[in-house]
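There are two complexes below, and they share chain A, which is joined by chain B in the first and by chain C in the second.
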Partner chain A sequence: MSILGNRVQRREDPKFLTTGGVYGDDLKIEGALWATFVRSTMAHARLTSLDVTEARNRPGVVAIYTGEDVDLPPVPAGLPGVPDVMARPVLAKGVVRFVGEAVAVVLTEERYQGEDAAESVFVDYEPLPAVVDPVSALTGDVLLFPEHGSNVAVPMNEPQAEDFFDGCEVVVRHRLINQRVAPCPLEVRSGAAMWEGDRVIQYASNQAPHGAKAAIAGLYGLEADRVRVIAPDVGGGFGAKIGLYVEDLILPWLAKAAGRPVHWTETRSESMLALGHGRAQVQDVAIGGSRDGKVEAYRLEVVQDAGAYPSLGSFLPALTRLMTSGTYDIPKVEFSAASMVTNTTPTVAYRGAGRPEATAAIERAMDLFAAEIGMDPAEVRKRNVVANDKFPFTTPTGTVYDIGDYGGAIDLALQASDYQALRAEQATRRSSGDTTQIGIGVSSYVEITNGAGPPGEYAKVEILPGGKARVYTGTSPHGQGHETAWTMLASEQLGIPMEDIEFVANDTDLVPEGGGTMGSRSLQSGGLAVHEASIALVDKAAKLAAELLEANADDVVLDKVGGRFHVAGTPAVGRSWAELAEAAGDDGDALVVAHSSSPAGPTFPFGAHVAVVEVDTDTGRVKLTRLVAVDDAGTIVNPLLAEGQRHGGLAQGAAQALMEEVRYDDDGNPVTSNLADYAMISATELPSFELVAMATPTPINALGAKGIGESGTIGSTPAVQSAVVDALAHLGVRHIDMPATPERVWRAVAAAQSTAAE
Partner chain B sequence: MIPAAFEYQRPSSLDEAVRLLADSGDDAKLLAGGHSLLPLMKLRLAAPSMLIDIGRLRDLSYISDAGDTVTIGALTRHHEVETSALLKAQVPLLAHATSQVGDPQVRHRGTIGGSIAHGDPASDLPAVCLALRATFTVVGPNGSRQIPADDFFRGFLETALSADEILTEISVPKVPDAGWSFQKFNRRAQDWAIVGVAAVHNGSTGVGLVNMASVPVRAAAVEDAIAAGSSAAEAATHASDGLDPPADLNASQEYRRHLAEVLVRRALQEAGAP
Partner chain C sequence: MKITTTVNGEQRDSEVEPRLLLVHYLRDVLGLTGTNVGCDTSSCGACTVLLDGESVKSCTVLAAQADGSSITTIEGLAGPDRMHPVQEAFQEHHGLQCGYCTPGMVMAAVSLIEEVPDLDEAKVREGLEGNLCRCTGYHNIVKAVLAAAKTPARSAS
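Coming up: the complex of A and B.
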């Protein structure tokens, strides 16, 4: 009986749920100093002076460094098209460009002394005008990098056909705000650096240790083997911990300068300012089609807010572009974008990274189109989805979808939610004039997983003396449950119980290469590599067993129940893994297989969500009452893990629709810089999710698996947003920007009522 | 997230606490449950030079039947208030409203006296005490005095407490048969109210408002309108009369005024006003 497909409990949880986890802040590092950063309080200003005299005399202060002291080069975005001049200095030099930018760093014996000392560093600023939103940045009235001549970090223009919408009976246009959000991992950033001879050992709360190793080696001009990066237990990343930040990158310099290890943990308030933000797109959609519901042309124009120094955020429109037309077979599609620098926190990848933005735009556009022609939004979607016989399907923006049943997913979601009954209930409430109206939102989505960077991943599987096994992976688990899933995959092939399989990840000395964990890539790349390496290891062991049994290797089989090799038909005589390990040791032909997977390409999970909300038309309060999710990630290795990914994704997706927004005032001062002001969602604001199973295996990899890490976020945001609008559709409301705060909803109701009264 | 340096004292009696407070100057702060003060200190928005921790003065933790009133020691934790059988029977508005404060962790640490003495207009309990016409007992070097809730809240986070006085007791009239309502409008369960309304209707009517001014306030115009025979809906139109509500991340002034009217109407109706 296969272990795969079973709800195997997460073996990492006892550690995480008790006190066994060792996060960056928990590291006990002998002799370490603590680093505390002094951060800009101005969004845009010239740094005229930094007075560290008083701070130097505070208790415990060992050293204070400013941008003038640190001789590291600026950190480039490392992305195609981003001008070099926009590279970020490790500590600000001359100019600060966002509130929270590090301007100096204090080293102290104890951590608390750093906060006291940092407070007594006096910084003189000469304020410059700030540009806070990316559309204003287009005018170039305020330039962040005057030598570049504009605020455009990445242009991405495609010619706009004059006759694009010719022949469309209906064309609807709207500007949509896909607001800036904060990833808010439970664990803030933390790390440490120390030198062992000419070698740097760096700890980082990070999703891609091998990428981090390359970044450190590059910045410091070191050979790769002189850098070791360890990601200890990492308490969530959501994309925001893919890359290292300047605060991480300066640690080896500080450790060298001080001659002692340096340890650093940011505060939550710092994290809200200096960990990258996500989303932050202004989208102009235009959709055209016929009155019988066929969409013929769709155009999406994006202005991406990259923040003060272009990072992964400036690259998001490239991912948005891939998914422009969503699940729909639209003959004509146009996309254009510009990524702009602004005096705000740099943006990065955040759960979905460019694809939720694409889905939000096309799904809102479909709703606007449906409303315009007076057709049920679910029906309009079904009339336009890519037909099942068209896969692999190439979209007008050149993306090749592997396999799908988009209409089937919508039907499942409608059935599971009892859509017709919901509409009937809605009609009753509308006719009674109830102040609690209900709204129903339907989304259809497809996304790309394992779509950025090389699709393959490294794994090594080895048999230990005594017959146990050890699995090494280049993925970088930080909550996903790779330890459970990868040992399941190995156990399935090796016939060795999971509890006898050790798991190694997140240390570049122990795992020679790796791509890390992001973009919902891990199972289909790293899990696949473990699967394939395990099969190869069984082949290798079978050959060894054949020699020992004096049999033909082709005749030797592995009895997976007992973990024993024998000649087919004669199970009484065999060799266990332990015996083979011993024999192999004698041989010098160790039972170990290192292998990099090479899946044929990315995969395209899809699904459909139905959200139901209650809206109090007197106050604007929205209550999310149901969230029905059909998420098709192909073959599921462990439903418990997959459902956990969906739960978290649904929560974060609903949060964007209803709650969360990073806001700045007109001068670029952040006004949502703690978790009291930033409305991170909690369980009490969410219903119990209704998950519907659907599995269409992908032909792209041997597991049939697609990514599941981001689906929940991608499908739920537009469904929930649409539900809020739908609750008020009878009043004439067509759109409400996210987040649908009570005041925003109340204003939409009031505006509709005053229009109706005229 | 680490407070600035401060001195710390932990008196073992009320007398000792009063003496310490008198000796410590204006910059000392009393520490009870710490759920208002400590977050401010961690953000360095407050930096008292001295903390006088009165958390171990167990004598100040009680809920007692005092005839026409229930008296509550200032150090009684929210959890004890919300679960008190006496309060649920005699002052159900207070027990219920307390169950809406913060989250379970806050309610197991935070105290009723701390919440009142902090005087935050966004806190629930000051408005409830205003609606109930509670009376506060404070103790200082010159003995104790009683302050009606109406005279207690003076300005933003400012109360009638002198720098050398300690709030020791909250006395609330029993209203076992009164209609009552607590309307808390917030985005997340653990958030402060954007607007809140505490109402009690018992022949006479008391209405307290959360987050509708720089201090906890009574909706006096609403109470007067009800007394003059207005309906709940009519009276509610006076919800923000004479008030200058704050504008912040969650609500403009205009929206707060609107919410106050809706919530006062709902509160009055739930409390049984005509």
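Coming up: the complex of A and C.
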């Protein structure tokens, strides 16, 4: 019986539940100094002087370095099209460009001493005007990099057809704000660096150790084999820990300068300013179609806030573009974008990275269109989704969707939520004038997973003396449960019990190459590699068994129940894995397969969500009461893990719709710079989720698996946002920007009422 | 200053700075790094431990204030041959992913189950308001806590 598809409990858990994991801050590093950064308190200013005299005399201070001391080159964005002048200095030099930018670093014997000393570094600033929002940045009145002549980090223009909406009976336009949010992994960034001879060993709270290794080697001009990166247990990443930051990258320099290992952990308040933020798009949507509900043309124009130094965030519109038209078969689609630098924290990938933004835009546009023609939003969606017989389907922006049943997903979600009954209940409340109104939001989504970077991943599977096995992977799990899932995949092929399979990841010395964990890629690339390597290993072992059994290799089969090879039909005579391992002896290659998968391309998970909210029309308070999610990720290896991914995503999506927003004042001072001010969602604000299973295997890979890490977020954000708007639709409200806080909702109600009174 | 505490049943005598936080005492002085730090505003609950049987955020308590007290951290929760029912329920119901919130969440749940006799979903959600988790969406944590609440109490010592 197959182990795949079963709710296997995580073998990672006992450690986390009894002793806790070993995260960056938990590392015990002999002789290490603590690094503490001094950070800019100004959004945009010239650095006129940095006085470290008093700080140097504080207890425990070993050294203090400023931008003038550090001879590392600036860190480029490493993305096509981003101008070189926008590369980020490791420590600010001459100018600071956002609050939280590192301007100096203090090394102390102990952690508390570092905080004391950092407070005694006096920085003189000559303030410059700041530009805080990306649309104002377009004017170029304030330039972050005057040498560049504009604030545009990445332009992405496509010709705008003038007759684009000709022939549409209805055209609706709206500006939507997909607000900046903070990824908030519960573990902040932490790391350490030390030199062993001419090799640097770096620990980093990171999602892609091999990428980190390349970044360090590149910055320091080292051969790759002189860098080892280890990701210890990582307390969540959500995209924000894909790349290394300047605070990580300077650690080897500090360790060299001090001649001792250096250990660093930021505080949450630092993290809110210096870990990258997500989303941050201003979107102008225009949608046109016929009164009977057929959408004929859709245009999305994006202004992306890249923050002060372009990083992954400046690249998000490229991902948004891929998914512009969502699940719909729209004849004409246009997309244009510009990524702008502003005096704010740089933006990066955050759960979904560019695709939730695309989905939010098209889904809001569909609702606006539905409201304009007076049609049920679920019905409008069903009239426009790509038909099942059109896959593989090429969208007008050139994306090729693998397989889907978008209408089926909507039907399932409507059924599971009892949509008709919800509408009836809504009608009753409306006619009774109840101050607690209910709103129903429907979203239909498709997204791209394993869509950025090379689609393949590295795996190695080997048999150990005694017949146990070991799996190596280039993915970098930090909560996803790869240890459980990958050993399930190997066990399935090898016939070796999971508990006899060791798991190795997250260390570039132990795993020679890897792409890491991001973009919902891991199972379809790394899991696939383990699956394929295990099959190849069985083939290899069958040949060895055939020699020992003096049989033809083609006749030898593996009895997976007992983990034993024998000639088909004569099970009594065979060889176990342990016997094969012994026979292989010193031939290291005999029972090892290293393999890189090469899936045919990205995959396109899809689904539909229904959210139900209660809105108090007197106070604007919103309560999310139900969230029904149909998420189709193809074949599921372990439903327990897949559901966990969906839950987490749903919560983060609801959080963006209802609560979370990184805000700055007009001068670029952050006003949400700790977890007391930033409204990170808690258990109290959420219901239990209603998950509906749907599985359409993809033809793209042998597992039939698509990514599941981001679906929850992508589908839930617009469903929840639309539900809030829907609760007030009878008052004339058509749109409320995220997050739908009580104040915003209350204002929308007040505005609608005063319009009605006129 | 000198303090004496009993941590996970073991007496510890330490010399600490008066300003040292309990969480740093546990982590840096005693080396019990199971308890985590997730914020600097008493918002996240990652640092939750039991102080004389009641859950506290150990980043809001000075080590000096714990003088003479008994403290249980995640490392001291499991019994000799098996995990505490709350730990078991978290594994069974997949109530953890990255594990960072987990020690604090588990300790908060242990104390919640002890304090509130008739837990239901709403009460669990209310009771865990001060413990943030970014990975699980809380769904399976709530499930685990409710399941553990139904498990007959078993001495964890």
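The criterion applied here is as follows: the second predicted complex is superposed on the first by the 753 of 758 C-alpha atoms of A that agree within 3 Å, B and C clash if a C-alpha of one lies under 4 Å from a C-alpha of the other, contacts with A are read in each partner's own complex, and residues count from 1 in each chain.
Basically, a residue touches a chain if its C-beta (ideal position, glycine included) is under 8 Å from a C-beta of that chain, and two chains touch if they have at least 3 such contacts.
Please read all numbers here as calculations on a predicted model, not as lab measurements.
Trainee: In the overlaid three-chain picture, which partner chain does A:111 touch, first (chain B) or second (chain C), both, or neither?
Mentor: After superposing on A, A:111 lies in contact with both chain B and chain C.
Trainee: Quick check for you: in the superposed arrangement, does A:621 touch first (chain B), second (chain C), both or neither?
Mentor: In the superposed model, A:621 contacts chain B only, not chain C.
Trainee: If you stack the two complexes on chain A, which partner ends up touching A:267: first (chain B), second (chain C), both, or neither?
Mentor: In the superposition, A:267 contacts both chain B and chain C.
Trainee: If you stack the two complexes on chain A, which partner ends up touching A:743: first (chain B), second (chain C), both, or neither?
Mentor: In the superposition, A:743 contacts chain B only.
Trainee: Quick one: classify A:684 as touching chain B (first), chain C (second), both or neither.
Mentor: Both partners, chain B and chain C.
Trainee: Regarding the shared-chain residue A:119, is it in contact with chain B (first), chain C (second), both, or neither?
Mentor: Only chain B is touched by A:119; chain C is not.
Trainee: Is it chain B or chain C that touches the larger share of residues in chain A?
Mentor: Answer, by number of touched residues of chain A: C.
Trainee: Touching A:606, do we find chain B (first), chain C (second), both, or neither?
Mentor: neither
Trainee: What is the contact status of A:369 with respect to chain B (first) and chain C (second): first, second, both, or neither?
Mentor: Neither partner.
Trainee: Using the touch definition from the top, say if A:674 reaches chain B (first), chain C (second), both or neither.
Mentor: Both: A:674 reaches chain B and chain C.
Trainee: Starting from the residues of chain A touching chain B, keep only those that also touch chain C in the other complex, and list them.
Mentor: 111-112, 267-269, 674, 676, 682, 684
Trainee: For the complex, give me every residue of chain A touching chain C.
Mentor: Answer in residue numbers: 9-10, 12-23, 25-26, 28, 111-112, 184-188, 233-236, 238, 267-269, 478-481, 640-641, 643-644, 647-652, 674-676, 680, 682-684, 686, 688-689, 712.
Trainee: Can you name the residues of chain C that touch chain A in the complex?
Mentor: 17, 19-20, 24, 27-28, 31, 33-44, 46, 74-75, 77-78, 83, 87, 90-92, 94, 96-103, 106, 121, 124-126, 128-143
Trainee: For chain B, which residues count as touching chain A in their complex?
Mentor: Against chain A, the touching part of chain B is residues 1-2, 4-5, 43-44, 185, 187-192, 194, 249-252, 255, 258-259, 262-263.
Trainee: Where on chain A does chain B make contact in their complex?
Mentor: It comes out as residues 111-112, 115-116, 119, 267-269, 618-619, 621, 659, 663, 671-672, 674, 676-677, 679, 681-682, 684-685, 741-743, 746-747.
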